[in-house]
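The structures come next, written out as structure tokens.
Okay, so chain A shows up in both of these, paired with chain B first and chain C after.
Now for the complex of A and B:
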């Protein structure tokens, strides 16, 4: 059993519970123990980083410090925004000694060591499994399934924080779905913003972006969409009935859910039934077509 | 007893304002060995020089010091003055009272004291100077031009017309380079082939030019005037001495689907082929990687059908060495391929093309016969978006420089498109439009005002395919950043000009410099734009930085003038500031131990081995010897020599120690 630090953040313990469920189910099959960072706090993605730069880093640093004390070197942050904040904090603390000092003042004297803890996202974690490991669990091959892999903003960007090489036309998620037998389609909106920043202030932006993303995935012939960000998911799943009213539904799954479905895990285990756009009928129909 | 003359220059106010020049002259007059000292407002002026000449003769001076600006500025000037008055030029030394004194100090009395110390040091030094004579190096009156594009062709023709034999080296099978691929040329819209092919033929038929195409530079030895270059003539698998260029082979070759490099992948060629119908020489080569005979052992149709039995599958690469006196490097540039631009429809969409591909579409000899057609379906595009600065002026992605040629060729492309496709819409997305050059801005205005090309100040953020078209996302930055979505049938990227991928290897073979981007370095950005820092090697064309055709031809002719100037000498005279291994009479011969630490340290490979033998030819010892033709006088060998057996003429230990002691610090 490998031990990996786990930072669920607010979403995975709330609105994106199915992401948490499916991730735990997949991790168990991959013999990975997700050890939650004890007493973790908000990552600072919401109000903090817009209002007080240093406070935002202090929040992330507090979690990193707790991870360090718990002996965790890598922390999996499945939410793209949490990942971005934690990774940015690590980088900032490494490169900005005056910030590191300030944070040290706020948190005790251990700040210099915070930079040793590295946040990783879902793709980095899954990529790390050698060929054959993801494949061997497949009991329901997704052959013929066309998947639009949606990265959104923060999973790969900015590259200096995420370390990603291919940022504009990424193929990482496509490589993972290919290991399940599915085919990642080539499409134009994979790194487009879902509009989450405006979800409370100007819904028209969110709907316009959702429409563009939905339209592009459909045009590329996708049967469903996978992603790895709770904000993107709620915008593209929950609001789909608004921006694509009366059109063919496009199920939106977390990558871990699609992996679980290919591995034959039950809908309950994966939380698939909680979606606004029903998954199973579309998936079965697509596999029958394929 | 030395009779030294000291001349203190005020340099207007440059020195005079901070240093009390008459006081320095007065102090110099009292220094041992000084026979004459004076100060003057501008010593480099003709009256100032006359003062030196007169004093040398009148006082029988045995050495002079000029206290003035940096020796980099006027050492040569004052040494000429010394020569004119009959004094060996190396008995003249400069005391730098400007850059190293007046310009960097404000306290007049302290600066004056320092100036006196500098002069005292120079006086002590010059008393140890010995007359030196220029070194004569023999010269091979022959030139090598590397690269057979317009730069190399022009340089070769100019050198050959000057009566000097030229070897023109080109790695492709034909001359022509990028210019042969172009359709029309700005700002006159004359056909590129029409003006280039006569030059190609002229170069090939010139009695003084020896063409070596399909050949590459293997290695370079020697030095200015005496280079030994080794050339690899790549196996063509066709005996060009027998081939008549009849074309039977490339018409009958069954491998017809190979993407043609000359057509930038838009056209097809055979495995045995010439790059274009205008190729010079008009003789084919076999592309081994795609030839069925080499791949499977079967076929050989070209060999069977060749009327002169020229095809020879057994041919091998040949290496040969030539002696040349100078080298012109004219290997040109390349452009970023579209695969670099992930943001632009993934970098592999057939209807996103580069500027060079558009040239082939617009060319009458191109794959579409000059018709503007989309590569994907052969349809005539109704809307074309041209994206300028694709990959250029982007420090974040590694290229901060402007590619220089794109503004003009994009205006040309948009113009050609509007001429060929009536009613077609042309949009140019540009950061700004740069048109310095004769007739250039008029040309751009013509594109806008007469040919109705729409310029939008913008950068293309992203391009993606949708419903058979390409959506170009951009922002109109002159209109408050208004978001634009242009629907185009064809997108043309003005992709950045970049150095040839292997130019660094070439530069290392030649021992010349290149900058951080990979462009070869000129000796001085303004005053020595065609020379390199290695004597005898010159630059022409885009290998030194992005350039259009007129600039390239101008620089090529300039390089040719430099070659002819150099080769017009009977032999080469070099500054005698070279290292020398000390020699003594027998039985010691030299204190050199033969450890050759100097050879390992020498950056110019100037240290040779010399065997000392007695009169019967019996070996006594092996010592180091400096090749004066290669030595650049850097002095590295002097500092590493553990037995102090090497000295640098003009900077001997005696000179340097005397100068230091006289500083009294």
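Now for the complex of A and C:
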């Protein structure tokens, strides 16, 4: 059993609970113990850094401190937003700016020690498993399935925070779905922002971006979409009946759910039934078409 | 650590951005790549493009010896809805050939607009600003965010009750919303660290 720090973030106990469920199910098969950072604090998301740089940094640094004190060096942050905030804080601590020094002092520790904690995202974690490990659990090969891998913003950008090498035409998620037998389509909107941060405040943006992303995935011949961000999911799944009313449904899955389905895990275990766009009928039909 | 000299000229926005992001808006050569890739820079969506915001910041810095003119350029940038309409997607920052952290600059502009009481007054900017403020206040107070109380508080402040009214029950049925706050985390240390920063010689945010 490998122990990995775990920062679920707020969404995974609420609107994205199926991401938490499916991640835990996949981690168990991969013999990874997800050890939650004790008393972790909200990362502040977009709102904190949008208006108050200091508050945003202090929120993320506090979680890094709590991870450090629990002896957790690597912390899996499945939400792209949380990952981005924690990784940005680690970067600032490593640069050891005067702000980082002061905040570390205020939290009762030292910047270089806190900077030892590194957030990792879902893709980095999964691609760390050598060839054969993800493959050996597959009982329902996804042969012929065409998948639109949607990265959105913060898994990749900005690269100095995320460490991503291929930022404009990434293929990491495609490589993972290929290990399940599926094929990642080439499409134009994989890294376009879906606008979900404005879901409450400016819905026209969310619908416009959702429409563009849905349209591009369809045009590329995708059977379904996979992603790794709760905000993107709530937008592209929940609002699909609005921005693509009367059109063919495009199921939107967390990457961990697609892995679980290929591994034969149940819909309940993966939380697939809680989606607005039904998954199983489309998936079965696509696999039958092969 | 540098202590501000008495009567020293206040920092320009370009200098504040350099402090926060480690990059300089003065390096912008107006190529427009940030505007081209901005998902919000669509007809009718944004007021002035991020490229033009960069220009205003350069102009403030250029007219540093003419405070009235410099202040006019700074105000134009701070009062614009553009920073509020920015989604923070980081496409501009990633693509800027001059390495300017444009999204980071937008963060500084929002913070400064709030501090100076200059934030854009239009309805859309106000909605977005209220949401950010409520979200941050809640994160600092409770240490965790839960969707339903956040949504209700926002709607109490801004209206829009009919928008997405049908989604609430559909999300509740799927277990995606909870009726009660059930999570919290200890934020005392965070609040103390923020307070320490505010008192420090380096000054507030």
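Before moving on, here are some points about what is shown:
Rule of thumb we're sticking to: the second predicted complex is superposed on the first by the 284 of 290 C-alpha atoms of A that agree within 3 Å, B and C clash if a C-alpha of one lies under 4 Å from a C-alpha of the other, contacts with A are read in each partner's own complex, and residues count from 1 in each chain.
Operating definition for what follows: contacts are C-beta pairs under 8 Å (C-beta built on N, C-alpha and C of every residue); 3 or more make two chains touch, one makes a residue touch a chain.
Only a predicted model underlies this, so the values are computations on that prediction, with no experimental measurement involved.
With both complexes placed on chain A, chain A has more residues touched by C than by the other of chain B and chain C. Looking at the shared chain after the overlay, A:238 reaches chain C, while chain B stays out of its contact range. Contacts of A:216 after superposition: chain B is touched, whereas chain C is not reached.
Touch criterion met: A:169 reaches chain B, while chain C stays clear of it. In the superposition on chain A, A:195 makes contact with chain C only, not with chain B.
In the superposition on chain A, contact of A:61 is made with chain C only, not with chain B. Of the two partner chains placed by the overlay, neither chain B nor chain C lies in contact with A:258.
By the document's definition of touching, of the two partners only chain C reaches A:51; chain B does not.
In the superposition on chain A, contact of A:186 is made with chain B only, not with chain C.
The touching residues of chain A, when paired with chain C in their complex, are 10, 13-17, 39-42, 44-55, 58-59, 61-62, 65, 95, 97-99, 102-103, 105-108, 153-154, 156-159, 167, 191-193, 195, 197-198, 200-203, 205, 208-209, 234, 238, 274-276. By the touch criterion stated above, chain B contacts chain A in their complex at residues 342-343, 345-347, 462, 464-467, 471.
Against chain A, the residues of chain C that register as touching in their complex are 1, 20, 22, 39-40, 42, 45, 85, 87-91, 93-94, 101, 103, 106-108, 110-111, 114, 124, 127-129, 131-133, 135-136, 139-140, 143-147, 151, 154, 163-164, 167, 170-171, 174-178, 183, 185-187, 189-190, 192-194, 196-198, 200, 202, 204-205. The touching residues of chain A, counted against chain B in their complex, run 166, 168-169, 186-189, 216, 219.
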